Amino acid sequence: MSGQTRDFAPISSPRPRESPLALGVRRILRARSSRAALVVLGIIVLAGALAPLIAPYDPAAQPDIVALKDLPPSLAHPFGTDPYSRDVLSRVIYGARLSLLIGVLATLVSLTLGVAYGAIAGYAGGLVDALMMRVLDAFLSIPRLLLLIGVLVAWPRLSIAALVLFLGFTGWFGLSRIVRGQVLALKHAEFITAARALGASRRRILWRHLLPNLVSPIVVAATLGVAHVVVLEAGLSYLGIGVPQPQASWGNIIQDGADQVAALWWMSLFPGLFIVFTVMTLNILGEALRDAYERRS
Amino acid sequence: MLRYLARRLGQAAVIVAIVATITFALIHLAPGDPFSAVMDNPNVSERVRATLRAQYGLDRPLPEQFVRYVNQLAHGEMGWSFSHDRPVQAVLATALPNTLLLMAIALVGSFGLGILIALIQVARRGSTTDHTLSAISLFFFSMPDFWLAILALLAFTYWVPLFPVGGAVDPVMHEYMGLGARIVDRLWHLALPALTLTVLAAPTVARFQRAALLDVLPADYIRTARLKGLTEREILRRHALRNALLPIISLVGLSFPALLTGAFFIEKIFAWPGMGLAIVNAIGTRDYPLVVGGVILGSIMVTLGSILADLLYVWADPRLRAN
Amino acid sequence: MAPVKRGVLLCMALLCACVGTESSSGKSRGGTLVISTGGDPDVLIPPLLSTVQAGQISDMVYERLADIGDSLNTVNDAGFTSRLADRWTWSRDSLSIAFHIDSGAKWHDGRPVRSSDVRFTFQSSTDSTLGSGVKALVSNIDSVTAPDSATAIFWFHARTPRQFYDATYQMPIMPEHIWKVIAPSSWRGSDPAKHPIGSGQYRFVRWIPRAVVELAADTANYRGAPKLSRLIWSIAPDFNTAVTRFLSGETDFFEVLRPENLPEVAKHPELRTKQYRGLAYSFAWFNLRDPANHSRPHPIFGDRELRRALTMATDRAKLVRSVYDSLALPALGPAVRAYPTTDPNLAQIPFDLPRARQILDSLGWRLNAEGVRERNGRLLQFSLLAASTSKQRVQLAVLLQEQLRQAGVKVDVEQLEFPVLVERERKRAFDAAIGQWNTQPSPGSIRGSWGTMGSRASSGTNYSSYENPVFDAYVDSALASFDPAKAKAYFTRAYETIIEDAPAIWLAEPLPTVGYHSRLQLAPLRSDAWWAHIPEWWIPPDKRIPRDNAPGPTMSAPAESAGKKTP
Amino acid sequence: MTATTPPLVSIRDLRTWFHTEGGVARAVDGVSFDIGAGETVGIVGESGCGKSVTALSILRLIQPPGRIEPGSRIEFEGRDIVTLGDEEIRDIRGNRISMIFQEPMSALNPVFTVGDQVAEVARVHADMSRKEAWNRAVEMLALTGIPDAETRARQYPHQLSGGMRQRVLIAMALMMKPALVIADEPTTALDVTIQAQILELLVELQKRIGTSILMITHDLGVIAETTSRVIVMYAGEVVEQADVDELFAKPHHPYTEGLMHSMPHIGHDQERLNVIPGTVPAPTDWPAGCRFRERCPYSWDLCEREHPPLYQVGVAHVSRCHLAIEPERRNHPHPPLVVEEGVAAA
């Protein structure tokens, strides 16, 4: 008993075991900030998903490369046009689709690798664990951007699938450490010991008992991971080694206007704001989820 | 203490070795020989080619190349940068102080600013000020490094031309200035990139510090401090901050990669002649030894940064200091 | 990296010297010219340099025997003015020229310039261990002899209209006593390369890589001191920064404005612009050989009809307007309008999208469901390289990508750094690429860039491997002709031939536009080198600003800081 | 020991409620009692009964969402603490009223030397230089029986033993010779031999300085040893109050009875308290009527209907139990209405 006030925190009525996902959703819906974040992110995701229906123009079309290029925002082109006379709003909408898709897919790759690596290290323990952790330390100490730049420069002309893979391959280090910690903690937890005593197989223990307990850190890591990838992809595309033309991603729209930032300010501003809002909402949601899970435990 | 340090340095060496292996693999697994661009380039002199061959043993089998490469690295040789026509370590040694200067200012600045923001927030926790500052922190936290740098450049060199467009000094006049003017010139060029990096890094600190302070506030010793009749402000500044600074110190180590990444874009956008710019240029010229050297040096910096943070932690926490 | 016009290999020889100037009174001398540029000079050795910045600096520090006139007449010595050579005499058979070195000419270290320096320059420039592109350009020169210290005789293999041009234009003279102690293979990275000593009207002061190059007036020069006492190249990391520095007054001069900069310049009443005739043209060329097997034709571009269809599908006029606005004209072909031998009304393949589609259909390339043409399971798809450092070339590529999409052709734009792109081209490991030639004053360089010789010789730059003996024959006839009218007629036939063969889509001929501060008084801008007459530029004393009066560099220490830390 | 002079502290109808998402937790719900000058008063009760919140309320150390409800009064030296300004209350804290906590480790700031922390009190309340305050702190530490106080003062909390740390807290509390020291379970975290020493020290110092002590504990042994008057709290209320001898001799409230039965020996651990079947109800939801009813072996319908007032049951002895009006019911106990799960199964 430390703070006296704690004694009087409401003793929540013991709920039937709630799934982590349901708990997360409930928490998100409760706070105003995360509800707002959900709405904003929802709009961006929806815009991306329905891009072909919503976008006013073909994002790659160059309707008139002389008369319609470099137009500032107007009613016809709310976000202006780019040096190729393409509609920036349409490109930002399609960019949402691509940037988020890359973010989600790369994060899925990271999650798979991270969970596998962390679970193996934690479960195996001993020398294997120590060795795997040292290797992980090394990975963690390479700045991700530099590593990606090294890779992308060595492998020129990457398809988007390869870009996703590389982004995913460089994003699992942090998560695998968390997973390992959880696995280590759970390995010695009573219910696992009980399951083992009852003769459950290793694999069964892993699937039935460990994984469900990993859901919370994974959900949090995934949310924040997508945010990170969105920023990274934008950075790489801005450097011209990310998404190739004429596909639109938020980063390469900015790149298209990068050498005339002052004159074509709308080309930096709008996609940039979309990045910021996406990342911001993902961060808000990730933190709401983390709070939810931490408070529970 | 010394043994701990020795062990950490040992670990660091292992880490660097692994990084070196990864980067080596990276180059040699890449489709096409990344060195071919150099070796076949008519503009590259025979001497450089000979140096490269000797350095990397390019005509030898791969395992031997690897051994040779690691051996060179162990002796502090990172190869020959053909775009600069100098040893990689010499190029990086010239660029490093500029990057370190930028990072050091941003480190100090962002921690100062971040802690200040957190203190204001916690002193008024729950108020509109707190929420507003949280929102602003989150906004800057979510901003891509390059985007903020572009905006800063646009705003303060173009719209309101307060600062020079880039570089570390006035290229034309610097050599002809007196000492005082030179210092002013340097600071004037340093201001915007350093400020941008500070603003990029500060939100992380503020958010972390705010959480750490809020973690500390329910502690019994804070109640004790209140009991003594200290004002909330004194409590926050003296008792809470000192304790909440401990987790922040580990953030110093963790923030190195982020600072390095930030410095990378900022150096590119502000033409700041540091490591980041050297690497961007090396990417352009496919100066592989320099890119790899930069990646390895970056990892070394990150590793040393985390050791430094550990040492700081031990220094700051009396409970650890004794052991 | 300069996104400004930067030649591929030919611009190595983009050199000139300065027109003699009657020295004005010492009182009006002074002032500093700060030139904004977006790239570092690569190497300050005339036969090895390849960037335009290096050419500018080299041309101020080094001199030629004689300099080409503003009319760029390359036939014989008409229009050439004296430089290091105060006079010259032709042999009776015209197969040798004896140059007499000006007795007052001195190197910046005080030694006199001698004929042995000329001989040394020729010998080392053509030394195969140096690996200079000059060797191919002066292949008509057999040898140079120095019968006495003031006379250098050039011996030629054959009588051609461009003997004199070859002997003077391609080779600024270098000091033997500095360079002979270094093996040519080690010139790059050597100390004199970073601290050049020449005989020109400006002497080298310092070079801080990626930041600044500074030259100072050589006040003791035998041709008199130039008017401006300092020249500074302020090197920005990219085009944008270079422009911003110019607009903010940090620099006085910017060499290649883009159309989008013009309104910005107009906002500054103290800034002026000036346009001149350039010698560059850009194009998208196709690799006519299979990148996987050079002995086979390219699976797509081997077909002349297809190439013509691609040109037909391209609205070149619109494309040029879009990228360059009024600062370029559609390219005529592999030639620029500034050549007296170029007919400005050359017949072109017209823009005709429906006809292009028809031709592609008739060749068996049918549209598939995705709107991409296909033949025997092969997609009509190729990669188009563009130098990422040049926004305009990237822009051209992306515009072309969309225009060809209209015809059912799928183009993948691949942005590469300039040196990497050149490397890919040199190895013929590409499908198509956006290129630009900054040509020499003589139209003869076309042999290297489009002729069979350029396709086969190892130093050739005809990376598209276009080979047509008819074209070669017309070019050779044109180059051998001393009669301007005849030469023009032959060139016209040659150009018509290559335009019909369409080894490239001819894109733009830029009209380079410089920006400068109004306090600067410029001399004429020469087509091949706007900087040729810098020694005559000046700033009136009443318009000078503090940086114009900076202490003379001759007495200051920074000269030593000029990148001497060479291993 | 009835107070003839005005009491030092006079608490009337103290209500400290916590306004949480889950409802209003009425942790302290109408508590009234006095503490005389130089007197030692004990408050005893299970955890969650509101005794510690009462103590913190006296110092106004209640943190949001907790709040002392309007209408509550805590008179101290003629002023109402509830309505004092921030500055005035700070002037009282550590100076006129101080407090000793249960966990001496966590109550000390780990990053400062103990000497600094003790001296800080003097630096806040007495206009002392750093040096003077330090000397005073060392003096005070020596007074609490810390050997080699000069050296110990330069050490950090983690370098001291538990008993030593508690002495540091005591030194800190007595630094300004306060009128009232609140000791909140001062010995619970210590082992048995040290417990006795600390209690002895407290009593001794009280005599020397002449301060009043409010001893908060769940341990009737501590009460018996140190206090002269006892207040028993249950569910946010005072349920019984009497002089210590009277209480031990004639406990009236069934809860007090239960406490005594559960704790025959001095200094046993707190789990014994749970021997009273059932648990304290949730503070957000106190039952109507008697709050102890469900755990009480004597309860009858009146207990459900009517919230019992404090009945006078002896000289200076009050009890919040209806047995005061129907004492014969004490002879007919029945099993409690709510039985602890484990017990019920058996």
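Labels for the chains are A, B, C and D, by order of writing; each one numbers its residues from 1.
Definition applied: a contact is a pair of C-beta atoms (placed from the backbone, for glycine too) under 8 Å apart; a residue touches a chain by one contact, two chains touch by 3 or more.
As the structure is a prediction and not an experimental result, all values here were calculated from the model.
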Please state which pair of chains has more C-beta contact pairs than any other pair.
A-B
Nearest chain to the global Cα centroid?
B
Whole-angstrom distance, CA centroid of subunit A to CA centroid of subunit B, is 23
Could you put a whole-Å number on the gap between the CA centroids of subunit C and subunit D?
93
Averaging C-alpha coordinates per chain, one finds the centres of subunit B and subunit D separated by a number of Å equal to 54
Per the C-alpha centroid definition, the whole-Å distance linking subunit A and subunit C comes out as 48
Residues in subunit D with touches to at least two other chains are numbered 63, 103, 106
Junction residues of subunit A - those touching two or more other chains
2, 5, 258, 261-262
Quick check: what residues of subunit B touch more than one other chain, meaning two or more?
158, 218-220, 223, 283, 286
Spell out the part of subunit D that touches subunit B in their complex, as residue ranges.
59, 61, 63, 86, 90-95, 98-99, 101, 103, 106-112, 117, 120-121, 124-125, 156, 158-159, 169, 172
Subunit A contacts subunit C in the complex at 60-62, 65-66, 69-70, 83-85, 156-157, 240, 244-246, 258-263
Quick check: in the complex, which residue numbers of subunit B touch subunit A?
11, 14-19, 22-23, 26-27, 29-31, 34, 138-139, 141-147, 150-151, 153-154, 158-159, 218-220, 223, 257, 260-261, 264-265, 279-280, 283, 286, 288, 291-292, 294-295, 298-299, 302-303, 306
Quick check on the complex: what are the subunit C residues that touch subunit A?
3, 238-240, 260, 263-264, 318-319, 321-322, 383, 388, 391, 395, 397-399, 401-403, 405, 412-416
Given the complex, residues on subunit B that touch subunit D span 218-221, 223-231, 239, 242-243, 246, 316-319, 322
